[in-house]
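Two complexes follow with subunit A in common, the first pairing it with subunit B and the second with subunit C.
Entry: the complex of A and B
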């Protein structure tokens, strides 16, 4: 009897576990990650000669609903054409019946990894604003993400920001119509039953944590964005009162107290970056003056230099 | 606020301050009124020139250099007419030009071009 070596056993295990892309134009390279519903693999598109990320359902023994859900997820992402949302290239079925979709392979790091090596508050706020803009775009198309967290946000090698994992997204309205909440659907096209908790606990809104599926709207994502902002600010020694106020407003327990939209939150972040007054914080006269001086530092220095020079001439020209 | 208006206001304010400092020089204190008026006019002229330049050319370094040159030239003119105090007049005048050049490039609206 001949025993198989560990290497051969590992190889066999990999062959059995990994998806069979033989009937597609993709060549398997490696697994990138695994979630509750599916796994993401790195593969090469042989026709276009480029790397792609392919999301595949975990097991072939999966319900028709789950298959529909995957296809719907791919369709939702494909419908959201925005630089901040990872584009879907292709959707198909593997020989074993599993549904897959291929998307852009993003080289870079997750937001939490990015924050670990980049402590500039301005850089972090700029990235965060880009996330808000991508989410606001999805909201404008009637889609809420429902699982926004640093692990679902990628920073590409050129600094581009991409929001990933729209697997639990929810359609609030048909795009370009005003039928808000008339046909509330989750990504599979079926209602998610009330009481179901979807999302990640540290980043989900109170209404989401209570499983109030029918109550969810854009402000649930605004709460999650506030939690992401809190994550980005928590290691900053002095994030500033305005930044803290924005964070608190976005993460308000009552959704009526939050920003009404991601674009409103993005606008406040923009004002914060431009040293303008933000809607979430009422500053006093000293803070206003300090902000003006900080914003116009060079002009203030020039005028001070001028005044100092005048004083110098006054004293030196005296007999 | 338009760039030329910013130039005029800043030029006038700095011109007034510039003129008022003559009070600290007892020899010219009795001519203070004329000095303040002259200095304010000089600031306004510099502000108008630098402000209109900023409206046409959008470049911070070029705007600053232009401000410096205008400020220095007008101050030299004043010193030349007065026949002295070159350093005391040209240096502050040049700095006023620099400040107005910087401010008019950085602040103020440029009117949008109307499409007919």
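Entry: the complex of A and C
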């Protein structure tokens, strides 16, 4: 029985823990991060000579249910072809039975990291709007994310926005925006039973926190988007009443009081960025005037300059 | 070196199956938890469960006593022997409640209580006398002691991880020999337990007369087996699925969320 030094011990832990890609076209490089269900690794696709991110189940024992869940996650993402949703390239099984899927390796930073070094409210709102658009696209395809939070949103090196981690996403049989009768059904044999709480507490809608799985629809994601918006606004000294109202409406406790879709929320953010009235806030006359002045600042300055010149000429031309 | 033979002076007539690891020095071929076995009404099942726990924890316990309690090697040997003998005699491990802490934490807490009581009572346990006496390789454990910056609790955990991997390597060797896959284990030993950093797949292929791809495949297979052995050993000494998963993450170096 040979004593194992710290170095050997660490090496053994690594070889036991790291996925064995020997039967695949990928070469392991390093671990990128871990979530509740899986770990994500950086690997090289030897055939296409490019880097990919590979998600692998990290549980010591794999149930059929978990296997189905991973395959389902890959299928959901693969079905959502949108610039704001990370594309899946491949899905397969490792020699030890663990399911993996390979996706685009996104170079950049998470939204929370990005916000820590970018305090421009307009820039943050633009990024947020891009997130809403990606989520709206998923909703249009009957998919709700159920775990939207800054840690699941990546900002790429060129400013592109990507929504990640669709591991607890759900497919809606009858999306709320298309049918008044809301009904939720999972696919591929995987089902989340009522009472199960899925998501992240700070970003979770009240109905999701209560485990009302059958009651979840797009508006659960709208609530989470509102929480993300709140995260982006909370360190801003004066985010503005309209921005605050949008945030409050998205995060309303009653889902009927929220935006009915991510695209509605996105549209309001767009109006806010264009200094137009937003649906979430009714302005008084002064605020309307203030917004008009703010939007037409150049024109106002021109008029003021013209008036000042006229006054100047009136006074200087007097005998 | 652990000598898995055990003598029990208080009960000299002992079924050989109850020796640590059995007469052939093999561990019980079962995946049932030893923690559950410790609660069994059956004496033989309880003895086997205890042997598994002893095998898994005696060395970290000895080192922990040496480090935390600053015991000299003679006292540490006696305290280790005394702790496990006392635990078995009074069936302490049956009192473990998985909802309160991991078994590892429970055992360490019991160990602290035992040593503190012994110190308080001013006793110095004598090996022999009326208590069980286990043949454990304290001399080797003593040579493995190194100074550590870790807290005593972290040190105990680290030594437990080291010991679990050491046991698993030995079990893997046995399995490979039994299944005629000695080359697999030799490759694992030469590459993953190597002292020489210059060993590569190519050099191993040359040394063993294999294709590099074969070395890759053999190593991947034997690592999978090693992972399986580690988890089996862990399964034996955890009480619940949740504890198993938590300890697996801890053992394999994965942070628990």
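Brief remarks follow.
Rule of thumb we're sticking to: the second predicted complex is superposed on the first by the 296 of 319 C-alpha atoms of A that agree within 3 Å, B and C clash if a C-alpha of one lies under 4 Å from a C-alpha of the other, contacts with A are read in each partner's own complex, and residues count from 1 in each chain.
The criterion applied here is as follows: a residue touches a chain if its C-beta (ideal position, glycine included) is under 8 Å from a C-beta of that chain, and two chains touch if they have at least 3 such contacts.
Everything quoted here is computed from the prediction, not taken from an experiment.
In the superposition on chain A, A:48 makes contact with neither subunit B nor subunit C.
Contact with subunit B, but none with subunit C, is seen for A:313 once the two complexes are overlaid on the shared chain. When both complexes are overlaid on chain A, the residue A:10 reaches subunit C alone and has no touch with subunit B.
Once the two complexes are overlaid on the shared chain, A:289 sits clear of subunit B and of subunit C alike. Ranked by how many residues of subunit A each touches, subunit B and subunit C are led by C. In the superposition on chain A, contact of A:20 is made with subunit C only, not with subunit B. With both structures placed on the common chain, the touch criterion links A:305 to subunit B but leaves subunit C unconnected. Residue ranges on subunit B touching subunit A, taken from their complex, read 14, 17-18, 21, 24-27, 88, 91-92, 95-96, 98-99, 102-103, 106. Per the touch definition, subunit C reaches subunit A in the complex via residues 1-2, 140, 143-144, 161-162, 165-167, 169-170, 192-193, 216-217, 220-221, 223-224, 226-227, 230-231, 244-245, 248-249, 251-255, 257. If you check the complex, the residues on subunit A that touch subunit C are 1-4, 8-17, 20, 22-23, 34, 36, 39, 58-61, 95-96. Partner subunit B is touched in their complex by these residues of subunit A: 298-299, 302-303, 305-307, 309-310, 313-314, 317-319.
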